[in-house]
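Letters A, B and C mark the chains as written, and numbering starts fresh at 1 in each.
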Amino acid sequence: MTNVPAFAQAQGSQTQAAQVPIGNADIRKPVVEASQGYWRSVWGRLKRDKVTMTVTVILALIVLMAIFAPYVTVYDPYAGGIMRRLKPIGTPGHWLGTDETGRDMWSRLAYGARLSLLTGILPVAVALGVGGLLGVIAGYAGGIVNTLIMRTMDVFYAFPSILLAIAICGMLGSGMTNAILALSIVFIPPMVRISESVTTQVRTLDFVDAARASGTTTSQIIRHHILNNVMGTIIVYATSLISISIVLSAGLSFLGLGAKPPQAEWGLMLTSLRQAIYVQPLVAALPGFMIFITSMCFNLMSDGFRGAMDIKLNK
Amino acid sequence: MFLFATRRLFQALPILLGVSLVVFGLLQIVPGNPIDLLLPPEASPDMIAQMKAEFGFDKPLYIQYFNWLLRALSGNFGNSIFSGQPVNAEVAVALKNTLYLALPAAVLGFSLGILLGMLAAFNSGHWLDKLFSALAIAGVSLPHYWFAIIMVVIFSVTLNVLPAQGMGEGSLAEQIPFLILPVITLSLIPMGVVARLVRATVLDIRSQDFVGALEAKGLGKRRILYHVAKNAAPPVLAIMGLQFGYLLGGSILVETVFNWPGSGNLLNLAIFRRDIPVLQGTILVLAFFFVLLNLAVDIAQAMIDPRIRR
Amino acid sequence: MSTPAPYKVYMPPVPEEIRGGKAQPLLIVDKLRKYFPVRGGVLNRVTAMVKAVDDVTFEVQKGEVLGIVGESGCGKSTTARLVMQLIKPDAGTLVYDGDPVGAFRGISVSALRRKVQMVFQESFASLNPRLSISDSISYAPKMHGTPRAEADERTERLLRDVGLNPAQFARRYPHELSGGQRQRVNIARALALEPKLLILDESVSALDKSVEAQVLNLLVELKQKRDLTYMFISHDLNVVEFISDRVLVMYLGKVVETGPVDEIYRNPRHPYTKALLRSKPSFDPAHRTTEMPLTGDPPSPLNPPSGCRFRTRCAFAESVCAAKVPELAATPDSPPQHEVSCHMFVAGSGHSRAISGGLS
């Protein structure tokens, strides 16, 4: 019996397995919780995260305020009046005061949310589509395609983002469309980088090889196996970009490269109220405060989602 | 190491070439005839013809690019349309002024960021961690042009202790008050970014087995900190390089608020004066700086971390 | 078992529906080769080649278990991926049941991939974390056009076959399972296309010993039930001995010895195989391994030694070993299925021990 006992475990349990149905032997943990999918367990974590839930609610309120601006305000955001100029916060009828031409601040902030959110979110959405797709292609294809896409992105990476946005805006001329276009171009390279690196990671996992080994076509693999593993990370990253985008797009308007007077937009409002800062500092600070809060909420929401999604799945 | 450095240098060349292409391409996306942008509106037909010949606008695009690149490489970006001065002289002055802001802002932001990040990481879960993390996230999300205005209201208007704008003249001591507000404002974003990264990296490294092994060996806190810091350095260094680049090129908003005659302000003025040669020159120089900075960071990273040296 | 069992070749009955007939090997691998380029230098040019798999030739008979053993980095896994066509081979031919793969009038790569399936080492990485267990298993059949109801029914049957209760596991996700359970799912997924050949690439190596034994037994049971053929890749000599009918020993991208399992384990010829078997831990204290059978690391596959690749670690290396690459061939005094690639067993090779027929 010199070399056989080495298999004692294997052969021993083989005889055992003849009596016990195979498989139940290594079901050690009893089924307690009902099975839950990945997204459901993410949601379960998010529900318990007070900060993330709070900022998500605040963001939802800001978005609702933008959508229903005509219904939540009394005054026309464009109608001013010399007599009503620069009223302080708490003035009856104008609870957030009035601006330098006597327009109601609450109306301007609510309507301003429309443009500010649009110029903040739209570029990121464009970058998410274009950049995300390019990144997945680069990551999955590898080789020369990857080199071509990634080196091109490196060139755009060589510009500080705000510099690139201002340069493009400056060349194209000011205006909302150009600002959105410029910011989209700015956000595509980081989006490509993230999506490429996640795709590259996922692509090397064995389940992709397993899918290939059972004859799955490339497009099916990308749609069914890569995208659902990559999308979460990319979208979370995009939310953190929105935070930057809100600040940058308002910054472009602040410089006079985005929205044009008399449009209601937070960055532009900040500029036009700059002189009023000596008279009504609190009123003048309101648009900047809105930019700050919105940007911070997107940042915190992105952090919360990232934390909730970073479930240590292995072990 | 030398091989790595030369290889990275070689890899930077096509990027620099690409950067020059983009900057040249910017001129092409300008609506209308570029020649109108290069000349004052009242230019005579003679001037237009002369300009055409000088810039070679009658030639095919790639020849135009080639000529432009050759001139740019020799440091000649043409003359400012607005002032008639050589662009490189204007850019050099502006860049120097920006450095006055960027350097102290970087030192302040990075050291505060590292401090906050370390304190947060080593007190993970404690209220200090929460406070510092909140500060960091506020720094990252802050519209700093707004913060700049608030600082002016508080310190220049209300308290009247610091100048509201400009650069000041005379000796260094006389100039320092002018620096304080813009430097603090500029340091906030790098502070937030660095603090967040330091916290995440240090937490990650502290959870690795080798730190446990060091603790088990009975190493003092200080020695452990040294090991953690050495491992956290490469990613933090990388982000600091990027942030310094942003400070050089991205201070346009803050420079505008404080009316600081740096590269951002020059860019802003060039845009509104439609001064294309100045615009191109500034962007090109800043982007080149940025690429070289990243290159330097890459090499520094490789010097610290042998794993990067491939 | 104090007297050695007589030498056997395990040949279970093969169903007639298999195209090539009983005698036709299920898979013939001929001179398979894969070199990976290594880039370096200032301009990132190809500076060297890793010879991961170098002219590997073998056959897999119908219904057998072919074990492939060797140290890590010897090219076992690359061979598996080459057979699956997950990596494109640089050279060599594959013949599946008489049909050359990817050739005119042969079998297409996609058709091959239905006949040959693979179970990977990492039980977790080989399951898509976003798909439920049943979705993972039924994915390939559904994609190949199996009606939903039929695919779902097959999935249930497969789960039961691998010892998992469908009611309990079908709607679960990979992270909710233990390593052994996940590996059972991986086996079920591999079987979903009803393949003939299953490549098990270190499939049980990452499991706890007790779970490993259960999964091994499951594999034996499934093989008998479904008339499967296995290519079983492992570095674990005990496990390979337990499950294999024939064994292939690889070293640095080359096959050094092959033969029936009892022959290889009881009468190893190649110095490398001998050393490898001596390094196998014994359960008997009287047979404890006391000396280091193999010293040093295998040389880099970047610049493998000339001639015989093992010569740098071989006690019997002579000048001929550096000069000539030994061929894989039967030895005069062993059964014809037992082949060795060593100059010591080739009469007239120039090795001082060659004439005598080797060392014994």
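Here is the rule we use: a contact is a pair of C-beta atoms (placed from the backbone, for glycine too) under 8 Å apart; a residue touches a chain by one contact, two chains touch by 3 or more.
Predicted, not measured: the structure shown is a model, and the values here were computed from it.
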Most central chain, Cα average position: A
Most distant chain from subunit B by Cα centroid: C
Centre-of-Cα separation between subunit C and subunit A, whole angstrom: 46
Whole-Å separation of chain centres (CA-atom averages), subunit B against subunit C: 55
Gap in Å, rounded to a whole number, between the CA centres of subunit B and subunit A: 24
Of all residues in subunit A, those that touch subunit B in their complex: 151-152, 154-156, 158-163, 166-173, 243, 247, 250-251, 254-257, 267, 270, 274, 277-278, 281, 284-285, 287-289, 291-292, 295-296, 298-300, 303
Subunit C residues within the subunit A interface of the complex: 1-2, 81, 84, 86, 110, 113-114, 116-118, 120-122, 124-130, 132, 136, 139-140, 143-144, 162-165, 168, 171-176, 178, 180-181, 184, 186, 189-190, 192-193, 209-214, 216-218, 220-221, 238-239, 241-242, 265, 280-284, 287
In the complex, subunit B residues that touch subunit A: 14-16, 18-19, 21-23, 26-27, 29-31, 137-138, 140-143, 145-147, 149-150, 152-153, 157, 245-246, 248-250, 252-253, 256, 267-268, 270-272, 279, 283, 286-287, 290-291, 294
Contacting residues of subunit A [partner subunit C, same complex]: 1-14, 17, 21-29, 31, 35-38, 205-207, 209-216, 220, 224-225, 228-229, 311, 313-314
